[in-house]
Amino acid sequence: MTHFLHAHMLSVIVAAPLLAALVVLLLPARDGLAIRITSFMGAFVALIGAVQVLRTYDTELGGLQRAESVPLVPQLGIDLSFAVDGWGVSLLLLTGIIIVTGVLASFTLEEREKEFFALLLTLVSGVFGVFVSQDLFVFFLFYEIAVLPMYLLIGVWGSHGKVQAQGPFAYVWKRFEIGGREYAAMKLTLMLLVGSAAILVAILGIYFAAGGTSFNLAHLGNTTYPKALQLWAFPLLWLGFGSLAGVFPFHTWSPDGHAAAPTAVSMLHAGVLMKLGAFGVIRVGMLLLPEGARYWAPWVGGVAVINVLYGALSAMSQKDLKYIIAYSSVSHMGVVMLGAATLTVDGWNGAIYQMFAHGMMTGLFFALVGLIYGRAHTRIIPNMGGFAKRMPWIAGFFTLAGLSSLGLPGLAGFVAEFLVFMGAWQSAHPWWAVPGILGAWVTAVYVLGAARSIFFGAGPSEHFHDLHDPKKSEWAALWALSACLILFGSYPRLILDFIHIATNEYLPRVAEVAQQLAVVKP
Amino acid sequence: MSAIDLALIATFGPLGTALFLLLLPGLRRAGKAAGVISVGSAIIALGSALQLALRALETPELGRVTVQWLPHAQLGVASAAESAIQVGVHLDGLSVSMLVVVCFVAFCVQVFSLGYMAHEPPADFGRYFMWHSLFLFAMNTLVIAPNLLQLFLGWELVGLVSYLLIGYYWQKPSAARAALKAFWMTKLADMGLVAALIVLFKNTGGFEWTAHPQVAGVAGTVTLLLFLAVMGKSAQFPLHVWLPDAMEGPTPVSALLHAATMVAAGVFLVARAHPLFEQAPSTQLVMAYVGGFTALFAACIAVVQNDIKKVLAYSTCSQLGYMVCALGSGSQVAGFFHLTTHAFFKAMLFLAAGGLIHAVHSNDIRDMGGLFSRMKITAGAFIIGSLALAGVPGFSGFFSKDLILEEVFARGLYLPGIALLLAAFLTAFYMGRVVLIALFGEPSSHAAHAHESGVSMTFPLILLAVPAIGAGYYGATLSGLYGEPVHFHVSPIGMVATAMGLSGLGMAYFMFGAPKGGAALRTAFAPVGRFIALGLVDKAFLNGYRYGLRGLASGIGWFDRYVIDGLINALGYGTLEAGARLRPLQTGKVQDYIYAMAIAMIALGTAAAFLR
Amino acid sequence: MTPTLADLQPLTLDVALLIGAFALLVLDLFLPHGRKRVLGTLTFVLITGVLVASFFVDVSGSAFSEAYRGTAWALAWKRIALVSGALATLGAIDHVDRHFGRRQGEFYLLLLFCLSGMTILPGVRDLIALLVCFELMGIPLAVLAAYAKTDDKAGVHRHATEAGLKLYIVSAVSTAITVFGLSLVYGMSGSTQLAVIAQAPLSPLLSVGMFLTLAGLSFKVGAVPFHMWIPDTYEGAPTPVVAFLSVAPKATGFAALAALLLGAFRANEAPLSSVLLIFVVASILLGNVMALPQTDSKRLLGYSGIAQVGYMLIGLATANRYGMGMLLFYVAGYVVSNMGVFFVLEAVASERTGSDVSDLDGLVRRSPWLGMALLIFLLSLAGIPFAVGFWAKLFIFMAAYQSGHTFLVLLGSLMAIVALFYYLGLARAAFMQPPKNPAPVKLPLPLMAAILICLLSVVGMGLYPSPFLQVAASAADAFFVTR
Amino acid sequence: MGLSAYLMLAAALFSVGLYGVLTRRNAVAVLASIELMANAANINLAAFSRFRAEATGQVFALFSTAITVAEVVVGLSLVILLYRSRGNVLLESASDLKG
Amino acid sequence: MLDQVAFAVVALIMLAAAVKVVSSQNLVHTVLWLGVMLAGTSVVFVMLQAPFLAAIQLILYTGGLLTLMLFGIMLTQRDAASLTIPNPSHRRGFGALLGAAAFGMLAGAISKTPSLPNEHGAMPGTQELGRLFFTQNALAFEVLAVLLLAATLGAIVFARKADAGVPSESAGAEIPARRTLPRTNGQHANPGKGA
């Protein structure tokens, strides 16, 4: 048994949440406790597995480890093959942490828990699948699985907002209730799927260019593709995956989506799912199409820089707390894309580490926003003030998350951003670093500004009667995430070493292939 | 116990305390106990610092240990072994003496706080001391840094603690705002430090401050960027505006962070990175002028302040200007020496001022008056501090300021030099003014039942008074720790400076102290005062934020919601609309359907028949 | 030359089906009114039996001097038809029993006759037989579509009649056009045997004949612009009939088109294939866009079906073995998914007449598993992973990409997202709206069985498509070997 | 007497039939028009079989005749059904389902 | 020469009849003209040396079909007595356009086709027809049998007296002359006993 577990750890990680979801579906709807326990166990097993994988990953050996493979569609060379590299290890851990805390944070959910947890867990196994799958096609499959449950999760359990109609397209408002949860859910789903349509085309291109025999990533990675293909396929992958990573201008699903989504979903979506996008750009786009990556890097980086500043400034202009955090995610994902675009060791390390750090940071943020909303029954910042009097701990945690997001040393966010900036400066376009750094400052302005107007100043007005600090299970989530932020901020090598190994394996290949292609076709 | 261990104790002891207080809310909320623990850790830190100092007197280079913090390898090199991204401990005369200063002042301030904050609710009291311990950790991290990276880590952390402590009274909107302002301004400046780091790293593959062969090319850039950070942290014009607002924090905090240690970190950084700055004469020139101007400018503003803490704050700006100017003149010895002496007497001044405020429950010097008779020790300390600040011979300030002026003029930086001289005059003048009004002026209603404060608040003053007076006499020994030992000698510049100082005091006496005060003079200077009091720089920043940044932000927010998002919605709307518009095609009459078929059939057939 | 009993060997299954049908016909005469429900069960048993037999009986080889040839290809289509027939029967039993009282017998008989036409057609290699089979399939369908409770006051009658009539008129005109086209084809090639026709020299009149035939036949699969009867008929006809109507005739229609276009008309030569491409684009665009504003779920599915046909036509347009195999797979997947949806609609609307989207409101709360099933069927239709529809679309796209139609891949996948919008619209009603009446949906056993079968096959083929893919591929091989 | 003459005749009948299908409003008349079209096809078949001097065409024609008859049988019953539900036999009266 | 004249005459008659079929304002006339057209067809068949076909045409169509249609008319007309049944048509212009287009298309194809088959060999007799029926087209023949059965069945289904319904109220409302209804209805359906 233990041997089996050891041999198939990755499958276990992917399957555990799914199994839990099935069990939850079979449980009676009124037995809320059992449902919660089951889902927690599912998530927790996955987390343990992730930690185990991290612990047993052989850093001397490096490369892909714990490989498993089962043919799925042999006629087309589609295998259900799993393995982890240094990146996968760290992102598995992230996902584990986020889902466990997410489940904890949504223990207080009231309506239709059964379906909620089932969908949530399904989504998570999709995410795990993406991070471990070594078959481009299966990668895509899990990607879709991870994206889709979002529709119901937001549409059913989401919260409503309203946006008054104005601007050049005001006439559109008569058809959609912008800000409504169903609108948000639909917009999110459709935009992300448009992305995957683009991805699909690119994938087919790659597959057939590589001989149309196998989707295995290693096989595809060792093929050298004609320059033409690389040049048209890469942007498809970039924008396709990018739409999930919130790449400007395909980011607009994210504010509405995150604002409308229930706590755990926002945590998971901003914390992990947006990473899938960036991960896809690097893992598929850049590793398979180095020449394309090299050719398009200026665009990727340029847009990423726009993301950073644009997201930060948009966040600054928001009144709704959730929108602020959502836009901040857009901005921070810009940092990830920037790191990717640098095509340097530090940049890539930074990018992956930023995924990790931002995942936990934004997870913490959304957990807190959920708590605040649950207590204050409003998300409009100007209505708040002086909350720290009644919820000092929440204020503390919020400040901590904010500090991490503005890149305060000692917290995870700093390491990532710093690495990315270093990479940017070493890259072919050093000036990317400047707006990046400025973005960090703007973040400081709006995050701490928000913290001030929510928590500080004259005490909370009368009609906020049930403000109070976290309750039982909520504590666990907050503490866990904050502890992670500090731990990985002060001792980054816990994760960064793994990331570094993978980067060092992949990046040279990209550089070489790009080089030789460049000399072959001047 | 090795030097490294001592340094680590001095650094992580306080951190331990802070975490201890953080994780044991019960203990923290107990208040007093928390304070005691924190002071205890401060004592330990101070002890190990002094121990280090004694060792340093024999051999300044006490050693260096580094560990890898982040893996880094150039492309293609598989192993993360040869890494340049390190943290650790670096102990030499400079760091040790800074360590001593920090720990000593911190200790005094914490002791003082025990009394000063006694009336706070226990929970807040505990929080206060938690932050203090955290500060000690952060500051020491900065001080013992082996490279600019770790220095930056500490740098940011002290900034954080400053934010937390300024915002100690977070329920006061003004305090919350001040904390935010301080953080934003310094953070903005710190971006320069980050940039400097990445530039440095690209060229030297490390964050060392030692003169690296490849640094030559970028020395100018790097140092300028570093200096940007210094301007923020050490409140140099025009980034000084946060410091006066920082006085919203409790007075001991102002004494520790915003007078003695944290704001001096900038000076420490430059002294630390001296090898780099030496390679960038242009930067040094900029520093000299900025420092000189700041010294004069801040002194001018200090003259018209009635809030005793504001006066001290501006004087801090001005004194930091001195140090920066000194560093700009290329003598980190003079600058750093002034840092040490200033730390002592300015801390003492603040604490004393705190005592006075505590007594009259007001910051306004006009509410004080005649306090000298009521609280001798505090007032005495205040007077000593003022004299030291005014550079009256015999007090520590005299020696260091003198040294600076010599160096500056020796470098032929006459303009800054003259600015410093004028600043010296003004310094003496406004300190005299404060002393005369607050301590000897006619008592106000508040001051009526003021009384000497308790031992916990007087003892630190006495403790600080010793170096405030005596530090100057050991100039040689002290400066020996971190550079060429300087031996005091009477110099013409020194004479002029002294003269300026004394005349300043005299003028102050003539205007405020003399029985029949020079009302005429006061009225004569009034418009100048009013102009200065406008605080134009501050307003400029405020408007820049409000209308520049916020305006841009709301513009972009609108654009995103109504244009970018609008476009995407319009796309969806268009599709739905198309569907709705097409519906009438389906008339429901079967013959119309056959029309469609017939047309298609004929079209196909025609194509087949004729397109060949 | 004269046919012997041996000639029936490749047609064993179909003959069995017909014999069974006649047996039922006789039985129907003797059954008292109250007991006619059993006919449905028997029909189901009969079809299932034939289906099972198809795995054991050897029906390969040619008969009636090359007028018919049993191949793996033909067998595959046979099975698809049989499966849809069996499912339709299962799903109809209850409805028929409740609404059609004493006319059940005819219902099942017509279904069986129609079905036999479908099973024979794929193997037919002679124009005349092809035409007759096509009609045998078509005529009963019109009757079935018009089947309704004639004495009800709720307008079912009106709608069913209209549905049947429209289908009938369109199909009659198409037949006329087809026959005219075939007459030209025969005339210019001198034979009615596909193989011979394929050798005939191309002349304007011949190609006009081909195009007229194409125009005549493609109304059955409902490709734009021959689609317009579909939404009306789907909306008006009784749901179980629509479930059958929406899959089986399309499948057989594709078999016929494949036989004619590739077997006789050399579609792989322009301009036929380019014409098909026009059909593809038009169907995908129009079907999806027109489905958006629909509020009647059956009508909506009608339009979406038009779009689906567009995707299937891609397979035909590629005109290579890969594409044809994928077409086969796509149709198979479409059969189960689409019938599943209609059965769920039947279950929900069983008491009422219309099929407004709002009938689905709160379904998942009334009976969760039914809601889940609906969701899965819809996702499968939309082409979402781990439902068969995903693989179907994917394979079709691969075929398209391989034969150089990259833009079709892009268009197809983008329009698939538009489709997702309205499919999710149905899911939205089921998942996000409060139920009108909270009572759980009461699900007659046969219907439940039908839904369950659909669900299992959708998920099964979705999780492990490879064996089915294998079958489809080899069938396509057989088609190209023996054409 | 050439083949093309017969074909032309058939074509003409076919077109006239098409016109009828499109324009007549009475369902029965539409059926009649459809007959015209089908009949045209038969003429084609017969003509071709004559000018190829082999009988398949005629066989085809017979089959198509039979099919047409069968169709009309069903068609008429549907028309009756239409009459029952609408009270008339105008095709356009069956246009409840649209859009 | 002679046969050409004959053909021309017959063709003209047929065309005229066809035009009447699609244009006559009287339904009964329409059907009758159809009969003329079908008869003409059988004449053409004779010309084409397809006597059997002609016979079948005459019997099946002109006999069976016409009767059938007239029945249909009787069943569905209020006033079965008179033979003046309005038979309107609409969108004539557009229909004519399409008809013309169709003819143009076909005619063009015919004229553009270089080598129309043209053999004047002797036509095989009726027994050849039979042979073809029972060899090559045996399958089609069998299927056809089923087809006819199915058609009959389909026709029966709706004609069933048992649960043949009356027009539902909504439909009935559209009938202008309601009072004449029962009589004509009475022949085939009585509203009283709905199943």
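The first chain written gets the first letter, and so on, giving A, B, C, D and E; residue counts start at 1 in each chain.
Please note the rule applied: a residue touches a chain if its C-beta (ideal position, glycine included) is under 8 Å from a C-beta of that chain, and two chains touch if they have at least 3 such contacts.
The shown structure was predicted, so the numbers you read here are calculated from the model rather than taken from an experiment.
Colleague: By label order, what chains touch chain D and chain E together?
Modeller: For chain D paired with chain E, the chains in contact with each are B, C, in label order.
Colleague: Of all chains present, which has the mean Cα position farthest from that of chain C?
Modeller: Taking each chain's C-alpha mean as its centre, the farthest from chain C is B.
Colleague: By count of C-beta pairs in contact, what is the leading chain pair?
Modeller: Of all chain pairs, the one joined by the most C-beta contacts is D-E.
Colleague: Taking the mean of each chain's Cα atoms, which chain ends up nearest the overall Cα mean?
Modeller: Chain nearest the centroid of all protein C-alpha atoms: A.
Colleague: What is the chain whose Cα centre is as far as it gets from that of chain E?
Modeller: B
Colleague: So how far apart, in whole Å, are chain C and chain E when each is placed at the average of its C-alpha atoms?
Modeller: Whole-Å distance between the two chain centres: 30.
Colleague: Suppose each chain is reduced to the average of its Cα coordinates; what separation in Å results between chain B and chain D?
Modeller: About 97 Å, centre to centre.
Colleague: Could you tell me the distance, in whole angstrom, between the mean C-alpha positions of chain A and chain E?
Modeller: Once rounded, the distance between the two centres reads 69 Å.
Colleague: Using mean CA coordinates as chain centres, what's the chain B-chain C distance in Å?
Modeller: 78
Colleague: In chain E, what residues contact two or more other chains?
Modeller: 94, 98, 102, 105-106, 108-110, 112, 116-117, 136-137, 140, 144, 147, 150-151, 154, 157-158, 164-165, 168, 171
Colleague: Could you tell me which residues belong to chain C and also touch two or more other chains?
Modeller: Correct list: 128, 131-132, 135, 139, 142-143, 146, 150, 155, 157-158, 165-166, 169, 173, 177, 187, 190, 204-205, 208, 231-232.
Colleague: For chain A, write out the residues touching at least two other chains, lowest number first.
Modeller: In chain A, 190 touch at least two other chains.
Colleague: Each pair of chains that touch: what are they?
Modeller: A-B, A-C, B-C, B-D, B-E, C-D, C-E, D-E
Colleague: For the complex, which residues does chain B have touching chain A?
Modeller: 68-78, 80, 152-153, 156-157, 160, 163, 167, 170-171, 173, 176-177, 180, 183-184, 187-188, 191, 194-195, 197-199, 201-202, 549-550, 552-558, 560-570, 572-573, 576-577
Colleague: For the complex, which residues does chain C have touching chain D?
Modeller: Contact set of chain C toward chain D: 127-128, 131-132, 135, 139, 142-143, 146, 150, 155, 157-159, 161-166, 168-169, 172-173, 175-177, 179-180, 182-184, 186-187, 190-192, 231-232, 235-236, 294, 299.
Colleague: What residues of chain B sit close enough to touch chain D in their complex?
Modeller: My answer: residues 583-584, 586-591, 594-595, 598.
Colleague: Sort out for me which residues of chain D touch chain C in the complex.
Modeller: Contact set of chain D toward chain C: 10, 14, 17, 21, 27, 30-31, 34, 37-38, 40-42, 44-45, 47-48, 52, 54, 56-57, 59-60, 63-64, 67-68, 70-71, 74-75, 77-79, 81-82, 84-86, 91, 94-99.
Colleague: Within their complex, state which residues of chain E touch chain C.
Modeller: Touching chain C from chain E are residues 105-106, 108-110, 112-117, 134-140, 143-144, 146-147, 149-151, 153-154, 156-158, 160, 162-165, 168-171, 194-195.
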